[in-house]
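Here you go, one structure.
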């Protein structure tokens, strides 16, 4: 008797599991070999929605439920499920990594431009996302390029002094570019012995990589699989906070750690296993009862009554009035996702000058900030009262002010250090990121002020207090002050330098 | 046709899900609007036990299984389920945040005193819990108030010196008080345009907040929703360690991180998803096979044979002989939860003097310690042998001694620093928490000694070794020693101070 | 029609839950009392495979599916399930902790040699694992013994100087030996009042402990329950990363933290709950779609077609060409698991000299490295292409080179410090691990270089950048350089030493 409902349930699930769309002949040929060459990769795809549903079926869904944003899909792709060949043979002429492979023009790196065949709105939005420009925003900015060098370059001690050797491409790819994205280029072609005999493949530099601003062999930017992990490309994974943790957990952006110990993260960890992470649209209170990262920043969220709380966005910053990490001072979001165009009043490639003055021409104005604030607050308001939300935001924006003030103090100490010769800076034509005292200053904004702001934004208290929060800001200013004085003492004793030289 | 299996399923589950108690008319009226104003909040409540069970039903349960501790519940509350109005209109005369809202006297902040209508034993126990006094224990202690100021205040560099501006209320609420609790007060009343037209609401300061020692608009202390997250108020969540992580994960109290990497935490993470977190009482070996925080510190735990292993307590320290964090030295627990009454022999508002001597009058004695030790050990003994437990405790109490000795050494270095002028302390009428060397000393006890003790208590090894454990204690003493000498060198060079002044 | 297999499946599961093997009379007698003495312990065992299956049944399985590696099992053990007595009365003559207990010769500590009765291959492999020698590798190495003392010993400040008192056994057991393993010895016998009247028990030192290199009362090394947590001894737990986290999460070996934020860890956290952690062998793509620690380092992994990807190993380093943590420089793995036999060219008990030169006689050669590299890469290749894997390894081995170079620079600064008297080292017959500047140098290799390497190996980016990665290496070298100069300044001012003395 206990069996009956389960029997019924099985019958219910049957129809949805019967594949109505089939695999294309081309993809079928791929699988013939690859099922035994990299079986885990194939298995990932087999459990994906791509393996079960054709674009045609997806296009028939009501608009809110649709996962494809294309109005139409090319006729040769629309009827079969989305298999290997459907993606890896798209736009062959644009891909410098295209090669002849068993009669097909295959490319290795599937790119946002490929994905845009079915998901053009997401691709376009993502192009407006700072993340898609993460490679150039780092390396086309002279100051940030110097930061990368002083971070990744190997240091040598020679005759009393420390020098830095430029970092190799492998090191940068293994470090900053792992998240920011590498430049993937075809270095040549090489033939290799395989299980199927000798075959020729393109040889890629900057590979592998799934960084958010990856420069692809077709010239496009980004990698959808940063978040929609291949080859399952699951919405469930992208909606879970673990995906964001891949890049957002270190002291520079401790967002994942903050989320984990926030009330929201607590609810997710405690009862999130009962939630529905697959449903589109995503219904607050029904599918989930506390937000993950995606809820506030990306997803199409609706109420149980079907009203839209937030439109889906892959631009993300259109829900964000402030840019609170990665730069010296928090500031209004840049207008362009390409931040390498920014020049401050003092001529620095920064959205604020060292004295905190914003490069306003390049940043969104108060009206745009207010618009974005309202969009994000609407998500808050689906579970909280207006007064709750107002109180929360008042503290957050007070936090932005005070962390900026604390950074100003740290910066004034550095200006004094450069002025008095306790450290060498721009005036001495030296890096402002290489000495110990400069690195303490950098930690002030890059770690502690950032952490304090994010902690407030997402309610992960201790990251604003003892865990790289205000405690560290307060301590750091005192340490910079002492270190500055100690360097002055050391520099005045010329005998010390002599002692460090080779004998 | 799609319905059939669910019907079958419903029939199967029906008996336990049929509501025998109904929603009150008042709460029903609340829901009429609020279901669309903050649907996530309502959805949380709908999935709660409160939404399904009336106090009357709860009172009928066998005593061990009961979740209400009241002997009786007022007749106007006893028959309907616990809805919005049942809590938000209780004790209107006591609540300064009561306001007229669509014909009801509603208040915003539901307090332990409100919850005590059905849960009086828990409320009373919690009143004996240090946590309920967390606000005053921090702010009514002159030394700790200074610690808060030097932590949260904005520092300025001016004419060669650093000064601190007092922290704003918003900053304190966003920082320490987020966990300790804010003072929630009615600043006035304001009218606001809402979806239902213009309405008047009380304007609260210190809001929002769910800190453990929150001072409420009815004068009560604490917030049950610190752990029993609103509006589900789930026992499952309160029993899971993620709830405690909201406040207990930073370097000052890394309990959650320690638990995660302990054998207990490993078992929870690996197989805890199969456990029953809803059952009352909670049966060791049946409902769970390794403890969470609640098991050892709060829950009513029984054996499969029904014997009581531990009585439920919301006082918590009645299972704890030692207070091992937050103060300079570990010591026997204070007698009163209000620690602001304590005065050491030297007149400091501390449970031990700087030389480690305990303010014994205010602390529990050996007998009481032994009583509490036995209560906690009985939980250990439900899975471990006596010898195992004895060995564990011997190491833990050895750890308390050695971490106190290490703190003594750090403190002696500070006394020397204050004596020699390397830092300014009480004798110079200066804060003992503001300078770099003082902050290193604070980290010794506030971070490293604490972490080392908790790591031993809960078997999260590395937090007693390399992760803010003994490694950091050992290194910190050496750094304080060097820093002390460096400050003496710097202070003897008067030219340095000159260089830092404005030119 | 689709129903049939499920019905069949249900029927299929029935018989396996009926116990065909019974509990032995001896174990039954154990349970009579212990079910109420430590019910959680008994409940753990009851949910184990040991409680359901006899060795005889296990021996009948096809070889790949077998969990016992013995060819035969003694006849008195083969037919009943594996209960208390089966393990706790094995090899009584070898166990110095054997005692008479209700008519049985019982011992407390079950050891790898006991487990080898059914699992001899695993025991033998584990004996070749560095972990099994973790006790001696730490304490039979004069340099590492000094490291332990300077880490765990209590420091005292007396008359201007800091001295270290040797750490007590309790402290070492509570610290390093918690993971490395204690020496468990019988100190004597003692009688104790129990629920069953007065009874005599052996009194053990070094107990409790489940460290990986525990020295047992039968002379064997290790503890199977380090990973196969008692008394469930579950393969599910051993395969989940939380088990490894018990010892591998601190700044010295942040493997668990790195895994968590890697793509692999993300997949595990997001969808791992759907995987099968019980199946033997473990099929990639079917049972799991991303690796846990065990997948790459321990488990028997097969493809869906039944081909072996990796043989099961409890030696673990036979899949590892490099030893990347715990020592000054990364190097080829030692040949012997007993590393206390190693002597460098300069006579140090280290696999590389301070200048990085490897003690090659004691380390595996290039051929063996290449063999191990291939074994591990075969696991990678079950989900990734050859080019992907090659690119990943090229970066990882570049990382080994650059982190070693950075460590060389830090070491050269230390050599200069010892030479100039800024610190006291081997030439001054002083510890090289006790002073602040020396601890900074140690963090360079023990924390930062390690973290950077592991981050690359396992793709947890930020642990190679900002979270104890390259950022900390770069900063640390600059801090060591400044500290060195500051110590020279301080040491040249003799008045400072005077000021610190007792007055």
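As written, the chain order gives the labels A, B and C, with residue 1 at the start of each chain.
Methods note: a residue touches a chain if its C-beta (ideal position, glycine included) is under 8 Å from a C-beta of that chain, and two chains touch if they have at least 3 such contacts.
This one's a predicted model, so the numbers in the text were calculated from it and none came from an experiment.
Q: Can you list every chain that touches chain B and also touches chain C?
A: Chains that touch both chain B and chain C, as defined above, are A.
Q: Are the interface residues of chain A and chain C largely the same numbers on each copy, more than half shared, or largely different?
A: Mostly different residues: under half of the interface numbers shared.
Q: Using only Cα atoms, superpose chain A on chain B and state the rotation angle in degrees, rounded to the nearest 5.
A: 120
Q: Measuring centre to centre with CA averages, how many angstrom lie between chain A and chain C?
A: 33
Q: What are the residues of chain C that contact at least two other chains?
A: In chain C, 273, 486, 489 touch at least two other chains.
Q: Which chain A residues qualify as touching chain C in the complex?
A: 3, 6-7, 10-11, 14, 35-36, 38-44, 46-47, 108, 150-157, 162, 168, 170-171, 173-176, 178-179, 192, 194, 201, 203-204, 207-208, 210, 229, 232, 234, 236-237, 240, 242-243, 245-247, 249-252, 256, 273, 434-437, 439, 446-447, 483, 486-487, 489-490, 493, 495-496, 499-500
Q: Which residues, counting only chain C, touch chain A once they are in their complex?
A: 2-3, 6-7, 10, 260-263, 265-267, 269-271, 273, 284-286, 289, 303-305, 307, 381-388, 391-392, 394-396, 398-399, 402, 405-406, 409, 412-413, 416, 420, 456, 459, 461-467, 469-471, 474-475, 477-479, 481-482, 484-486, 488-489, 492
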